[in-house]
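First chain written, first letter: the chains are A, B, C and D, and each begins at residue 1.
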Amino acid sequence: MDKRIDSADAAVALIPDGATIMMGGFGLCGIPEMLIAALHRRGTRDLTVISNNAGVDGFGIGVLLEARQVRKMIATYVGENKEFERQYLTRELEVDLVPQGTFAERIRAGGAGIGAFYTPTGYGTLVAEGKESREFDGTHYVLERPLKADFAFVKGDRGDRHGNLTYRRTARNFNPIMATAARVTIAEVETLVAPGEIDPDAVVTPGIYVQHIFLGGPYQKRIERRVVREG
Amino acid sequence: MDTRLRIIRRVAAELRDGDYVNLGIGLPTLVADHIPPGIDIVLHSENGLLGVGPSPTEAEVDPDLINAGKETVTAVAGASYFSGADSFAMVRGGHIDLTVLGALEVDQAGNLANWMVPGKMVKGMGGAMDLVAGARRVVIAMEHSTRDGQPRIVPRCTLPFTGLRVVNRIVTDLAVIDVTRDGLVLREIAQHTTLEAVRALTSAAFVVDAPLKRF
Amino acid sequence: MDKRIDSADAAVALIPDGATIMMGGFGLCGIPEMLIAALHRRGTRDLTVISNNAGVDGFGIGVLLEARQVRKMIATYVGENKEFERQYLTRELEVDLVPQGTFAERIRAGGAGIGAFYTPTGYGTLVAEGKESREFDGTHYVLERPLKADFAFVKGDRGDRHGNLTYRRTARNFNPIMATAARVTIAEVETLVAPGEIDPDAVVTPGIYVQHIFLGGPYQKRIERRVVREG
Amino acid sequence: MDTRLRIIRRVAAELRDGDYVNLGIGLPTLVADHIPPGIDIVLHSENGLLGVGPSPTEAEVDPDLINAGKETVTAVAGASYFSGADSFAMVRGGHIDLTVLGALEVDQAGNLANWMVPGKMVKGMGGAMDLVAGARRVVIAMEHSTRDGQPRIVPRCTLPFTGLRVVNRIVTDLAVIDVTRDGLVLREIAQHTTLEAVRALTSAAFVVDAPLKRF
């Protein structure tokens, strides 16, 4: 099992215009910086991007938006991004907003072969419009369908050539579930180690979910809201 | 006392020893700095952290460690990290004892509106709909009325719902109001106000608990 | 947060007759040995036990069966156990057999607040009888409901007083999901460490899911099928 | 050659380089000892292990490390452990390329019966129903007929189903038969048998592929 690929550029060359791509990250934390930059360089267009947020002006998914590579975004919270806001308000960009827990669970369902599930989230709200609602044991639920993608861009901390991945702190976020829900998952990692170097009890993403892996860096890891205390 | 500080301190009194608590973005987050002595709680952040610690020093800042408001944070001893799916399994599964959230409107039935104003840029609901659907207890922390004096505690929300019949208690700068099966019950009013002032700024019907406490 | 309890005996004293208890383990691997033994000593009766298997004669859940403490079992594979077989065939014991993936997913749903889910497993079989079936995108699914319990018995490798747990190798199995799906989860661990000693990235069960924890041992860890090679 | 060994060797030829494979309990498990040279596969065990290695030496035996058949095993470099929910997410989500399972009966439509005989002690389906529902490819490894010569490849299963239209290929000691949209197709017969013998022991209708290969 050797899933190493030469570079981010080689990886994104696999992606056709019009593809649906999941991208890990919460805000700018744990985003696949190398793959996003490579996708920008390549200029792949008409993309549907599934990501919790939409980056900021000039970084992360923001650069794809500025280059008008994205046709549609499925996200939970957006708008730290002026260019996003402009395209959204002018309807140049299609936006589907999903409650964050439903977003996560739909992706998990996509990877886990669940045909649909009932969640209490959003019952009686705009989110439930056009969806089946149903009561079980006195609680109201909304029927939600799985989310899948053609590709997933995942950022790991350590990885091996089998595709096993670990994540660091809150950079984990949506990366592990997105890895499970795409036809082709591409992982970039900060350290590439030999198989066996990651404690098998500590593997978060088993290699089965990863089709391509490469060593990324250097990482910028921009901080959106630097809050510090004296000390 | 500052209006926001009054709300924060009163909300902090809602914390029970041993609680697992999710504090919403903005004002609720500040409750973490006012935890009463002797109360040991664990803070959940829906981006995948249980055991949120104080803000980092300059030297401790780590871009891989943020809260759901995307602010740099630290983690306490005994913290854990997990995925977004695991984080919301925790939320939706009823494992969070208390969530504190801001609001635009709360109504008599405990319906909440806090994510969208038609005609304005909609940024998304983030985790709010999941938190109100899943947390065992939902406390709203907000200013009692809008800047131009319009009530926020209303007979029926005019803005799109975040959740139906989800609010347990409303804490404002003027009052503490519970949502009960029989409607709203005013439990406490602030030191600096009067029952008449609260009535004037509340369009929802409520009954007054006796004895009415001051906070 | 100090969730330490004195002993297995103190923990099982919380459990009334008629309770529903989830018990971790796959075969005899990763079973909560201390809690099962204490429950046997206490003689709590009329129990519903949710466990992948039913132990063997004289060990694990087998001892509870022999003492006639179990009224009903929900399991996926049974019968390495003569006494189980006898009670099953005479209908002294009620047995509900569930496909293993559905068993796992129902427990996860119980812990994750999912009202129900559609799985392709068991469509068109006896398992689907009396349940709703439904087609999504050309695949047939069966509607399954969550499994919850009053108590969960969980066996961890390392744990701390907050209730954070790790597991060792395949002793993980159903323990982490059962920890999420009970009103009261009791964990026994092989090593009890100070909070912070477990790398927060390596925690498998976050403390929020555990109500009581104690140091177990000595563990017998019986092996059901010892297969060895020359070497 | 031993009947079981013949089946095992032929099944081993089904493995493709890079496959993630789940081998059912019993005979299918033995396929692991006959992986063709140059073929690199990863074995999944549904109790929560990806990367099953060979049986342990006495010194390596670890009660915390077993396979789904509850046998002591080892793990290869690059293995990982996970929960039962994660394990079956993998199975049901279509991430396992191939599963090899035993059977009591397979029928013309690819329906499978392998978990229950009415009137006999029912031990449970374990993970079989999930594996056949989720794996990309399901290969059945079994003896062509029962001990008393009754066909196991039948027009319609008489025993309770494990799954509907789930089998892709049947490998027996006598034949290799594919389940296609148009029914069963006999692809290969064993060196030591004849087409007539296969017909005599198969009650399901099948067409014969040309040229019919020998294995």
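We adopt the following convention: a contact is a pair of C-beta atoms (placed from the backbone, for glycine too) under 8 Å apart; a residue touches a chain by one contact, two chains touch by 3 or more.
What you see is a predicted model, and the numbers here were worked out from it, not measured in a lab.
> Have a look at B-C, A-D or C-D and name the one that copies the A-B interface, over half of its contact pairs being the same.
Copy of the A-B interface among the listed pairs: C-D.
> Consider the two chain pairs C-D and B-C; indicate the one with the greater count of contacting C-beta pairs.
So, comparing the two chain pairs, more contacts are at C-D.
> Please identify the chain with the largest separation between its CA centroid and the CA centroid of chain B.
Taking each chain's C-alpha mean as its centre, the farthest from chain B is D.
> So, what's the distance in Å between the C-alpha centres of chain D and chain A?
36
> Rounded to the nearest whole Å, what is the centre-to-centre distance of chain C and chain D, using the mean of the C-alpha atoms as each centre?
Distance between chain centres, rounded to whole Å: 28 Å.
> Once you find the CA centre of chain B and the CA centre of chain D, what distance in Å lies between them?
54
> Return the residues of chain D touching two or more other chains; collapse runs of consecutive numbers into ranges.
75, 81-82, 88-89, 91-92, 133-134
> Could you tell me which residues belong to chain C and also touch two or more other chains?
Answer for chain C, listing residues that touch two or more other chains: 105, 108, 112-114, 119-120, 167-169, 172, 200-201.
> How about chain B: which of its residues touch chain C in the complex?
For chain B paired with chain C, touching residues are 18, 20, 40, 42, 44, 50-51, 75-82, 88-96, 133-134.
> Which of the residues in chain C come into contact with chain D in the complex?
26-30, 52, 75-80, 85, 88-89, 97, 99-105, 107-108, 119-127, 140, 167-177, 204, 221-231
> Would you tell me which residues of chain C are touching chain B in their complex?
Residue list for chain C touching chain B: 1, 108, 110-114, 160-162, 164, 180, 194-196, 200-201, 203, 206-209.
> Show which residues of chain D lie in contact with chain C when the two form their complex.
Chain D residues touching chain C: 45-49, 54-58, 61-73, 75, 81-85, 87-89, 91-92, 116, 121-130, 133-134, 160-164.
> In the complex of these two chains, what residues of chain A are touching chain C?
Residues 105, 109, 112-120, 134, 136-137, 139, 141, 145, 166-169, 172, 199-202.
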